[in-house]
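The structures come next, written out as structure tokens.
Next, two complexes with chain A in common: one pairs it with chain B, the other with chain C.
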Partner chain A sequence: MTNKEKLEDLMIDILLIEPEEYSLDLKREDVNSWDSLAVVSIAVGCHETFGYHFDPKEATSINSVQDIINILETKGIDFNE
Partner chain B sequence: MKIIREVTGISISGQLDEVWEFDSSFAVIPEKTNLSEIEINNALSKIPIHLQNKHFVLLTSGSTGVPKFVIGNKARSEELVKVLHKAQELEFIEQTIVVLPLSYSFALINQWLWAKIENRKLISTEGFSNATILKQVLDKAENAMICLVGAQIPLFKQFFAEDCCFYGVNKIHFAGGHFPQASLEYIGKLFPNAVVFNNYGCVEAMPRLTLRKAGDASNASNIGKPISGVELKTLDENKMVFKSPYRAVGFVEKGAFIALNDNQWIPTGDNGKVNEDGSWTLFGRGNEIFKRYGEKISIISLAESVSRCWDGGVAFYKVQDSNGEQGCVLVVSPEPESKQWRSILQQLRKDFSRVHWPLRLESVEKFPFLSSGKIDMQKLEKDSEKNTIHWRQRI
Partner chain C sequence: MSKPIKWDKSDLLRLSKDDTLLWCTPSCKQIVSSLLPFNEGAHFQPLNEQIRNLVVIGGGTLLDQAKVWRLEQSTKINLIVIPSIWGSGAEVSPICVLNDGDTKKIIMGSEYLPDYYLILNELAGSIPQQRATLACGDAWSHALEGFLSPLSTPELQAELAQVIKDMLETGLGNNSHWFELSGRACLLQSKASVGLVHGIAHTLEPVLTNKFGSSWGHACLCSNFLLPVMAFNQQSSSKYDDYMEKYNLDKDAIKSVLMDLFNRASFEEAMPDLIECWQTIIRDPCSRTNSVLVRPKSISFFENGSFI
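== the complex of A and B ==
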């Protein structure tokens, strides 16, 4: 499973969205279940899945799937497999 | 004081017939109790002398798990049965089929006593402990009434074939927890000739306070209007209290007798509100409503949401999240397929913001049940590590 697929599974599970609702362009404003508690769940989920723990500033700056990818890529987690 | 103990497979209705006619009071002890003979006798010895005649005592552990010996008055209960009979515009009922243990106040008053006063034939069963016999009895029913708790509906689905149909049951009374409004279509197929009622009360009410026909409201939390003579109101934070001429006269709890007086407003243990038409909406047990991140969470509302897409059993127990905030875990039974548990989560997402969602969705093949037919929440929570976890919030 690629990191992109792992992130897709994680976001679908946390946000309780259907697979067809998910895309790499997904933004916080697109999903009503992406609230502040979801941000905490995303941070914990990324730690469990990718081994990186967002610091509070990073976590609160996340507003899209692309933001997550950008942060994780700076930590050496490859999304271009 | 005469003590009647319930034992599986042996009906206590004959013993009840006998002791009800005696002056001296009696006690009914359910089969499943952790109390020793000595503890029971000690508790009964605390009952004042003036209640040692013309009364009866029921042992309940309720939702708190603390044993409580609740004392009812025979004459008041007989009066309640007459009021219920009148309120329900009953057509001719010939039989009462007992599906719940008679140590449970709802079954004792709504089944055994009602049958006795109206000279109905009382047919005892062991409920779902012996589903084969239960089915045989229901197959042969003629103009019968039964009393159930909502948690038993999944058991009908589990034990009886889909095309099963019991034409001889004309009345069904539900009490003891969440009314299965979402299963009314199924209940209608299973019992095509039955009029269904939602009863609400508590053991201190001995036991009924309100009543509604199933079709008179569309949501499970509507418990109807108070029955004749009963007054209901709310105190702080929607805590429901009642006065009733049929209520219990006192109880023994933690070794002390506590009297219930005529002028006293007695807590039902639930929260709710009165509607414009005089009916009441139940928010749930006091402990089924809690604050989470400043939001008021109602377990009864969550249960209603789940029941829109899930036919099986539903229960919740409370846990704390990693921030120390109160949350709950949803447990369903039997084990759902992947598509089913996903649809439950989708329904919750549709109906509520995330803060209301349970922290986990778990399942068990079979719920543990109390002898009253209600889910044994203490056991469910205690054994929760055996549950299958389908989904969790990572918080």
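== the complex of A and C ==
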């Protein structure tokens, strides 16, 4: 499984959305279930999946899938494989 | 001093009988009548205008209802709460868990805090042994889920680790020390959060109570799901083991307590509804602040029962 696929799997489970609703362009404002508790779940899930723990400032700055990728890429996690 | 302020019995006995009303849960009326001189009133009825102090003695449900009801009154009354059993920690918590039809409604705010609380150790005598043990499971679930919460801070973790050590030392069963331990655990977890045990309990309590009767209360659910959920947390991430080691907690002793709280027949009775309600459980706010991520497929861990 590539990191892109792992992230897709994770976000679908956290946001409880259908696979067709997910895209790399997905933003917080597009999904009702992307609330403050989803932010906690994203932090927990990314730690479990990618081994990186967002600090509180990073976690609260996340407003899109691309934001997650951008942060993880700065930690050496490759999404272009 | 921040609310709620801890009183002792002498503080309570300084209140005047003329402006103080007592609400008491039936199970401890006899003990209370020999300890306190106050007149008892009907619950949730309008108060006479001379009443300034309301003393409420009961379990978490009655205390939480009183915390909300007090705010709805037009005149300011002091609320003094006394738990009749440990476990919920409602006497010190800004969280109120209310029955709302077939679901549980959770509200939170410092305005719900009582003004004063106290512990009457004598009330432990009114608690049957099995109920006392299940109430310990409720307190254990607050301590462990708060300790492992993703919203917990190192300071909270250190304090909760000490509560866990004190709980281990006290042991399960009818012991008035549990009043104090339970209050500490609840106060600390209210600053972090709880996890999947509570998500399961909030979802299944109305379902199982309708089906099997009142024995499936909150404390029973917490007691029976603490072992499976902690096993799930431990298997899903190294966090459980890492935190236990970091705070020098005895994992084997904790597991032994969780096994004592677990009843396989009860777990198996609840299992069909756990599966049926899983999609609701994973949406519960408490499940969403579990130590590890709870996913739709996570139900398979509980179905295969390998933790037993």
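Definition applied: the second predicted complex is superposed on the first by the 81 of 81 C-alpha atoms of A that agree within 3 Å, B and C clash if a C-alpha of one lies under 4 Å from a C-alpha of the other, contacts with A are read in each partner's own complex, and residues count from 1 in each chain.
The criterion applied here is as follows: a contact is a pair of C-beta atoms (placed from the backbone, for glycine too) under 8 Å apart; a residue touches a chain by one contact, two chains touch by 3 or more.
Quick caveat, the model's predicted, so the values are computed rather than measured.
Enquirer: Check the residue A:48 against both partner chains and state whether it touches chain B (first), chain C (second), both, or neither.
Expert: Touch partners of A:48: chain B and chain C.
Enquirer: First (chain B), second (chain C), both or neither: which does A:13 touch?
Expert: Touch partners of A:13: chain B and chain C.
Enquirer: Determine where on chain A the residues touched by chain B overlap those touched by chain C, and list them.
Expert: On chain A, the overlap between the chain B and chain C contacts is residues 13-14, 16, 37-38, 40-41, 44-45, 48.
Enquirer: Would you tell me which residues of chain A are touching chain C in their complex?
Expert: Result: residues 10, 13-14, 16, 37-38, 40-41, 43-45, 48 of chain A touch chain C.
Enquirer: Can you list the residues on chain A that touch chain B in the complex?
Expert: Going through chain A, the ones touching chain B are 13-14, 16, 18, 32-33, 35, 37-38, 40-42, 44-45, 48.
Enquirer: What part of chain B is in contact with chain A in the complex they form?
Expert: It is residues 293, 345-346, 348-349, 353-355, 357, 391, 393-395 of chain B that touch chain A.
Enquirer: Over in the complex, which chain C residues touch chain A? Could you list them?
Expert: So the residues of chain C in touch with chain A come to 150-151, 236-237, 279, 282-283, 285, 288-293, 295-297.
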